[in-house]
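First subunit A sits with subunit B, and in the next complex the same chain sits with subunit C.
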Partner chain A sequence: MAKKNSYAGKILRVDLSTGAITTQELGPEYTDLFLGGRGIASKILYDEVPPEVEPFDPANRLIFSPGALIGTGVPAASRTTVAARSPLTNMHGDGHSGASWGAELKRAGYDVLIFQGKAERPVYLYIDNDTVEIRDASHLRGQFTSAVHSWARTTFGADVCTVSIGPAGENLVRLAGVYHNGADKGVSARCGLGAVMGSKNLKAIVTRGTGDIGVADIAALKAAFKDYLDTIAVDPYVPPATKYGTCRFMGHRVKFGIHGAENWRYGAYHWETLDPEIFRSDYQVKAGACLACPVRCRRDYRVRTGPYAGVTAKLEWETIARSMTCGVTNPEAVIAWSNQCNHYGLDTEGTGDTIAFAMECFENGILTEKETEGLRLEFGNEAAWLELTRRIALRQGELANILAEGTKRAAAKIGRGSERFAMHVKGGEMTAGDPRGMPVRAVSYATSTRGSDHLRSNPYIEEIMRPEEALQWFGSEEAADIKHGVRGKGKMLKFSEDFVTIGDILGLCKFAYYRSATFPYLYRKGVHLATRFYNACTGRNLSEEEMLMAGERAFNVEKAYNTRCGATRADDVIPRRFFEEPLLGGGPSGGAVVDLEKFDAILDEYYEDRRWDPDTGLPTRAGLERLGLNAIADDLEARGKLPVSDCGKVE
Partner chain B sequence: MAKKKRIVYTNRPWEATGICSGCHLCELYCSLQHVGAFNPYRARIRVAELSTGVDVPVTCQQCQDPACQAACKFDAIVLNKKLQIVVVDETKCTSCGACVGACPYGIITLDPVTNKAIKCDLCGGESPACVDICPSHVLGALTDEEVSEHNRLRFAALLAASDELRRNTPSGEGPVLKRLEKRG
Partner chain C sequence: MSEQRRTVNLSVHLYPPLNGAAGQDRVQIALEAPATVGDVLDALVARYGAEMRRYLYDASGRVVPAWTAFVGDAPVQLNRDEALRTPVGDGDEIALILNLAGG
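On to the complex of A and B.
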């Protein structure tokens, strides 16, 4: 008799200090309001990791939470959330991946996997359906992410899935990611999650799960799938993703002139050698897909000739962007760097920004050649860039050891005025495109709950809205004006954040659901169809409003977590460079700065719409209770973290 | 009488998205069709991932002289006259696994939930679920005539490609600088 619900029904908890392995029911206290994925992960993090627990304390949790729809045939239901208190931001941290490991975990019978404690020596967790064992991993010490996955396939069969850290995670590099299924399938890269895993002496998770994932209403699922295919067939946003992979985002950066090149100084830059067409015709070996995804925007590239001959790597857009942040525009070097980071287990985003920081320090004489141990850290110096990346992963040498701490801590350690070159928000390195010339984008990097992040806040919505839609949804036509609009932007930002969070809760990929060429298509995919898919798979009957509220709720849990860690409005800022230095290089945004008045005005409107106190940035009791987060409101109040007088509107 | 068909990997390697992307939608919808739930281990088509990261969908070749049928001592693998392929009679299957060992393509397996042997049954003559769902359109239900030319080209390509595969290194070897160091 087939299961009639896509939940597995259990939480698996592993205490690496005591060796205790337990399961508990995944009850309605989690599924009702938090659904799955990032929703459940954020709630568990809030409940179980108080601010007294530091990121590298054994009591920090490392939480693996596949999206609610993982393992089903819902198109692009691929993404698993990994969460912990971040060693970079000291606040909420999470990352995601579209590789199939999360589905294997659910098939083994577990919706969530929580690690706590610390093993005495390197271990891996072995899961084969009901069999769950902590096993010795001394033979894996120092191994690349790729080698761990190869070993697992050889030892346990080609169907197994793995999660692993590379040498970077083992060395507690704060720029280390958690890799799924080896080096080239996917990584939960941000927030230093790999370092948390390393701090627990957990090298890998090997998983086989052969159980069913049920579905409540097959006919409704199939109808929604057809509807989804019909929608993406006419949405002009999707075909370039299938044709070029995520390289396609070069077009966006060129259009707005927001490359973030040479440590976020140049908006226009010599990008032509990194044209998506060059990657496609000269280097592409595979157009791959994340689990269950018809868009197929993953790309593997290979260099066949020249100094990097033989290198193969999965390469995604942000890696290309951060290469430009380091002044590198040679596609072969970019592929080599991606290969380097993937095998050593680093986050290309954070590592790129951190090396760019060091490059600007070198340019200004703040770091000397003696301190760089002979590396000429000039923007565009490929050999130095690759070598420094390797050293950072291994903490080899004094400079690499400092940079391994991330941009914020490195700047604090080096001093000498280097702080002005440290491009991070709350300790999380800068992502995506330059915010100068795009006011709501600037604010969106500040409000993200995991440090600078465009995926959290998804400011792209302003690029597709028509003035009449902006008026209807956010109260002002101005919200559709990218360069000059202020009114309505704060509300737009809140909507966009809540909307995108739905994807992380359900495990739906943003490229497949949360980006589009028009707002109606966007809403149809990201809210309407997402809700239909969830209901069809689980047998529940959520409305679209309830689904949006689930996104809002998870975001508020993270905000509450950060508040409890000490964050206030003062932390919702972006690097001063963006306010004070006009964007260099000319181009569409050349000469722009972020206008502080506009920034504050948008932030004020955002806080009000979020029902957070605008003066302090703190969540209000009324706002939290509206979302059913009464216990969190009580906890914050007991810790003196609610505003003195609640300013939020009561519903 | 309807013509015999089999599911064939009709990839178009000259097209970027004309090869298997590894999305696993074929497995998911095959299992949904047959058991009403999502489970690749219960699918009759499987995506084999090579250590180089290449994905290939493989399923029953619907052999003329099936090794699985010859190996079965319980008459559980029988000819379906309408489809002209052999199918598993679950009432007779004893889960002995002889067919699993006999199949030269590693296709027929034991369902992890029922323990019965499972193999592709062309969805009983309906439009095959895997063919319908594949977003790259690299699966086809081909007749004997359609498959002959495909087989010839495939065999030739296999001979040519085997050298390429023997030259490639598995992905576990590590990143580029490690290899460059070895070269000195």
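On to the complex of A and C.
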């Protein structure tokens, strides 16, 4: 009989070296403090993968952890965390996807799925409720993500869900993602987790679950559901999302001049051919939604004529943005590139930035047509861009093999001054908009626990907050000033990191809960309603403060993981280009650089508010113990990773 | 002729969801001088009614703080009441965009 608290109550563990398949109880040591999703995944990763275990070591874990509210009917509760030690950053790594596979895993009876070890040959895991088997996948070797999903549905029925990797993951490309339900439904893209899956010879997970995911208080769930719908009905944030999907962000980038085009050099750029209205009117074939989402910002596009005729792709804003990073502004090429990345199993963000790095090397003569094996790797050369993407996925040729290692490692290998073109944080390629036009973003990219990331926080709070709200929440009206504010920004960043982590813990989409047009709407969705939904589904009685603390706790576990891997304040930094080279192209942010003094001032305030040591960036015992992370404090102390002076205060 | 009787002609670029309320991306507005950003918002609500009001103003009657008005290339963050008093001049191009970063 299903439990009536949204948890299945079990962890499924698969040792691919020995073939052992076991289950264990999902106990309160996980659910009480870490709740679900990213929270539980981060804790398991910390407990089971010490820094001595390298990312491709069989002892690394690959952890699938659906958000705590997936499958309950809570709106937009669709996100599943995949976590491992990242082969891209060598630190904590996770990625998140909105497809329905996570709900299927829970319906099969498992809250968490952990892989360890390495199979001798390609295998897939077959899960049909209580039946769990490791099966031969030799016939799937080299197959696209879409082909694996089609094979699974043809073989086992249209009701199964899948997770798979494409050729890129099999080839240990550090830019490979983990794809959910084929090429066009969702991907845990960041941190090279597809390569970890490939390193274990795990090609896919085929899953069928027919059980019920119980809810403790259906009346409370219904009441919160109504309040959620009432909130999004009056939030001006929602209509553009529903109309254009994530393509809507183009207008913001244009007016603030923060494109980051041509390897993060140009803030203003010739964007007109990528207008969201063009995508909607000329290419859109389907407007859909992730699991149970009323915002409905998923979009599928098809090219109708020309050299890419017939190509379809699910496309997100970040893919468009990274196309511009490579100087490509032909929307049909962008759709084709997205299709290619999705089928080969690549992360478009990391791949786009890595190719942009190579393009700038080519522009400066560091790479020539000899190294590129005939490709004229100029910004905007879409044929070369598409071909190099294919080669990277297959590690075909010496240069592609180097670029398959990601920007940081590629620059180290190529040398000859190319390092100054390598745009990454902690080894993770850049994302989203250029930080030179919006200072707090610069720090948010730096402090992200998985490398540069715009989804690890919500510094955009500054864009929707009134000065009096900023004063009340973060101690200074300056925090609401996008361009010039400094005081309060560090506190705002800390709050926003804890805040959005709630979404990853519960499985709530950031676009449905953690973006809004006013701070009251934002808080209402992201904390108040998230807490009500959690309590209604689980029967617990968490306060909003405790929910925020759960986010803070998970973030601190990841910080501690990175600390254990050797990270310090020196790693919380962005590429020198942003400090030293004025943004090109004119426009509203033309000529801007990130002010190092302001960057450091915001970072100092951030560390202080986090109770981390400002000199070293290390977490403190007091800060960790305040969150109930005593064992982690002990572990860090034993490894000499706590600061000499403890600046934290227990309240 | 006094300054107050002169007309300020403006081209206003409406980003989503305002373009949905107006049925078009760009509108022309004529205001009596001197005119401000707040006058532009008032004129839009007067012309396009309740849907435009719902997107521009919250329940308390204050402008939704996520709106930024670009007067030419200069951004004016509308999260402060005094920002509504920013002057606009004849021939100015105004853009109203919701700060919806985060993609």
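Just so it is clear, the second predicted complex is superposed on the first by the 648 of 651 C-alpha atoms of A that agree within 3 Å, B and C clash if a C-alpha of one lies under 4 Å from a C-alpha of the other, contacts with A are read in each partner's own complex, and residues count from 1 in each chain.
The definition used in the following text is that a contact is a pair of C-beta atoms (placed from the backbone, for glycine too) under 8 Å apart; a residue touches a chain by one contact, two chains touch by 3 or more.
Quick caveat, the model's predicted, so the values are computed rather than measured.
If you put the two complexes together on subunit A, you find that subunit B and subunit C both fit without a clash. Once the two complexes are laid over each other on the shared chain, residue contacts for A:Cys293 go to subunit B alone; subunit C is not touched. Using the contact criterion defined above for the overlaid structures, shared-chain residue A:Gly587 touches subunit C, although it does not reach subunit B. Judged by the touch definition given at the top, the superposed model places A:Gln284 against subunit B, while subunit C stays out of reach.
The partner of subunit A that touches more of its residues, comparing subunit B with subunit C, is B. Once the two complexes are overlaid on the shared chain, A:Ala480 sits against subunit C while remaining clear of subunit B.
With both structures placed on the common chain, the touch criterion links A:Lys255 to subunit C but leaves subunit B unconnected. When the shared chain is aligned, subunit B comes close enough to touch A:Ala147, but subunit C does not.
Once the two complexes are laid over each other on the shared chain, residue contacts for A:Lys243 go to subunit B and to subunit C alike.
The gap separating subunit B from subunit C at its narrowest, counted between C-alpha atoms of the superposed chains, is 14 angstrom. Once both structures are placed on chain A, subunit A residues 243 are touched by subunit B and, in the other complex, by subunit C. For subunit A in complex with subunit B, the touching residues are 2-3, 6, 71-73, 75, 100, 107, 144, 146-147, 149-151, 153, 158-159, 182-184, 210-215, 218, 242-243, 280, 284, 286-296, 298, 300, 308, 310-312, 336, 339-340, 342-344, 386-387, 390. Chain contact summary for the complex, subunit A toward subunit C: residues 234, 236-237, 239-241, 243-244, 246, 248-249, 251-252, 255-256, 316-318, 321, 432-433, 438, 454-455, 458, 460, 463-467, 480-483, 510-511, 515-519, 587-588. Of all residues in subunit C, only 15-17, 20, 54-56, 58-59, 64-66, 68, 70, 73-75, 77, 79-80, 95, 97-103 touch subunit A in the complex they form. Across the complex, subunit B meets subunit A through its residues 16-17, 19, 21-25, 28-29, 31-32, 35-39, 41-42, 48-49, 51, 53-55, 112-113, 133, 135-136, 170-177, 179.
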